[in-house]
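Listed below are the structures to be examined.
Presented sequentially are two complexes of chain A, the first with chain B as partner and the second with chain C.
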Partner chain A sequence: MGEVMTAQGRSLPADDTVDLREIGFRSLDFSELALRVEDELGDELNFDAPGLRRIATVGDVLDFIEQLQSA
Partner chain B sequence: MTSEVSVPPASVVLVSGGSRGLGLAIVSDLLAAGVKVAAFARTVTPELTALGEKYPDQLYYGSVDINDAAAGQAFVKKVETTLGPIDALVNNAAIGQDSLHVHTSADHLAEIIQTNLTSPLVLTRFVLRRMLAKGLKGRIVNITSICAQRGYPGLVAYSATKGGMDAATRSLARELGGRILANAIAPGFFASEMSAVLGPTQLDQIVRRTPTGQLTEPDDVLPIVRMLLLENTNINGQVLVVDGAASI
Partner chain C sequence: MNARRKTTALIGDDNTVVVAGKRLTWRTLHKLPQLPSPAAVLVDNGADALAALRHHAVHGTELLVATDSRVDQHMREELGESGFAVVLPDGAVTPAKLKRVEESGRAWLLTSGSTGRPKRIGHTLETLTTVTADQPPRTWLLPYSPGTYAWWQVVTLSLTQPDQGLVVIEPDELDDWPAIAAEHGVTAASGTPTFWRQAIYRNADALGAVPLEQITLGGEPVDQAILDQLREIFPKARISWIYASSEVGASIVVHDGKAGFPKDWLDRQPDPDRPMLTVEGDELVIRSPHHGAGLVGAVHTGDRIEYDGDRVLITGRLDTDEINVGGSKVSAGLVRNVLMGHPGVAWARVFARKAPLVGRMVAAEVVPNRALGPITDADLVQWCSTRLPDYGVPRRIKFLDEIPQKETLKSDV
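What follows is the complex of A and B.
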């Protein structure tokens, strides 16, 4: 997540409870993150939009990616 | 929120169906504009080969059937290593139709839908995934048709696929949040296509009813493709009709 934000000239806040809207992390940024994770895993991570809409904070993103990786 | 930076001009453009007709004209025009181009088609024509010889460092081309997703993906990866990351896609490959719906076999309907709608969407998905994974911004231009907006006999399935691509263009523009500009160009019937199925009297009648007094030519479409790929216009999610107002 930090790499995605750094590439866009932003930085990842230390606080997991920070709202994604506050830091400008949008759904496409999440897609970019998921695709980068895919590259590492060598497998596709497909998921529905409703799951994505529940993500509101930095912590939610990290939890969601963790769930996808372990699914 | 962060400030949004506009989408830069395309630098490496992938053109499907780039071996003849409008596709070949688009490839040739972009090369002349200094853009790197990758083009594929089922059959590589002598004209595309000649462009390859003229622009050896700027054009990468090959024979790929758009319905062969694995071959298309392999081609995209090869383009990336040869020309650099793809940041624009022109979905031009399509097959035509000239048969009444009731006389078109179910298999042929499926073939038209696969070639003109499903395969372009699969290719778009793959190219977008590559772009997003690299953090790139980019542009998509879908070549559709006036058939998506007006009814024409003998073109039921073809029209449905072009309407589908127009609709997909709008949703892509929304979904991609301005990071990738997605637009469509809907040409009217090309004179060459019309002359193949219509007689001179019918052609004359259509020309008389077209306010500009001329049927569409590939050259009419090229400046629009160039604009959507290279200019900073903020046009996004639109279908631009190029038909001399024949359809209004």
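What follows is the complex of A and C.
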């Protein structure tokens, strides 16, 4: 997530409770993050659309990615 | 007995033909005795393909010529069932399963098959000979795979016009073609943008040593970057790009050194000798006097266009060019043009990747320009960010070591 933010010239806040809207982490950024994870894993991920709606904070993103990696 | 058409098209019969380093002429090429008709001649070298073509021109036979690697067993059987004797590279002949009367003078082409299995398009030497005006004496490079439309364009020019020599490049010579071309004084060459990019990427100095007066690009979308690079290496050459296909023939020819064609070429007054270009939706539609058999009238090309000021750019195939990123649409071809405009990029392919939330994202593969040092994906993202909307910026970029190139000299961009 830090890499995505850095590529946009921004930085990832230390506080996991920060709202994604506040730091300008948008759909495109989340999608990029997902593709980075896919590339790391070398496998296509199966995203759960209803689950995505619950992702509102930095911590939600990190939890979700962790969940995908361990799935 | 069939009344075979005797062609008068052999004006170039004494033109030089260089094959495998040997300097011959069309007339002194080896002959293919007992060639049946209709015949599908499958070849593994350029000399046999030229010999088959000359036999067809002299005797007015019905001919399909292609490389054997392009015609699989299933297609060979289909050809047999359609009345073709199949002639293999070693001369072995599989007789036709269907006996039928030949179509005298018919030349069959296989389409490139980019949208599926290759299909046959019927032509004649006359419909394939689109250059009829007198030409300055030239020696043409022939790098194309036998039987493709581009191959027919170059060989018919050599066979039907005086002083149009040929230097045949076999697939195993493609890496070193500039040296061979320089040795034999090639002054004109036609190739895909990928072909030209490869040549610049491998050794621009060797390319610059070829005394080219005419450079032609076709077969793939032509971007401004490759036109500019060629202009820099060959400041005095005429640089042309051609839109041509088996279906509609050579329909757009542009000599002004710019990508795309002038917008005012669309919907011009009908002229029976000139292709009519129109746009339906964002698809290029062509009515061409050089069309294949049965393709009279409007042909929907499947190619997508975008307007750029007073130019019409052909950006790619309709089914793959438009990438829908969360409802915002972007042309893969235009993104590719932006990437190719970066001096550190030698080649790029842009495509859609499935992604959460937005459905598709723009991704790219890039071959860096070795001469200009390393570049990073961050460099390219930044370059694109200042030239494209957010959703058009390729967020995932993979670097490749070599420019991919298929037998057709294309790279599926």
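Please note the rule applied: the second predicted complex is superposed on the first by the 70 of 71 C-alpha atoms of A that agree within 3 Å, B and C clash if a C-alpha of one lies under 4 Å from a C-alpha of the other, contacts with A are read in each partner's own complex, and residues count from 1 in each chain.
Please note the rule applied: contacts are C-beta pairs under 8 Å (C-beta built on N, C-alpha and C of every residue); 3 or more make two chains touch, one makes a residue touch a chain.
As the structure is a prediction and not an experimental result, all values here were calculated from the model.
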{"item": "Partner chain in contact with A:A7 - chain B first, chain C second, else both or neither", "value": "both"}
{"item": "First, second, both or neither for A:F30, with chain B first and chain C second", "value": "second"}
{"item": "First, second, both or neither for A:D39, with chain B first and chain C second", "value": "both"}
{"item": "First, second, both or neither for A:Q67, with chain B first and chain C second", "value": "neither"}
{"item": "On chain A, the residue positions that both chain B and chain C contact, one per complex", "value": "7, 27-28, 31-32, 35-36, 39"}
{"item": "Residues on chain A engaged by chain B in the complex (per definition of touch)", "value": "4, 7-10, 21, 24, 26-28, 31-32, 35-36, 38-39"}
{"item": "Footprint of chain A on chain B - complex, ascending", "value": "1-2, 129, 132-133, 135, 176-177, 179"}
{"item": "Touching residues (chain side chain A, partner chain C) in the complex", "value": "7, 27-28, 30-32, 34-36, 39, 44-45, 47, 49, 52"}
{"item": "Contact set on chain C toward chain A in their complex", "value": "325-326, 353-358, 361, 363, 377-378, 381, 390-391, 395-396"}
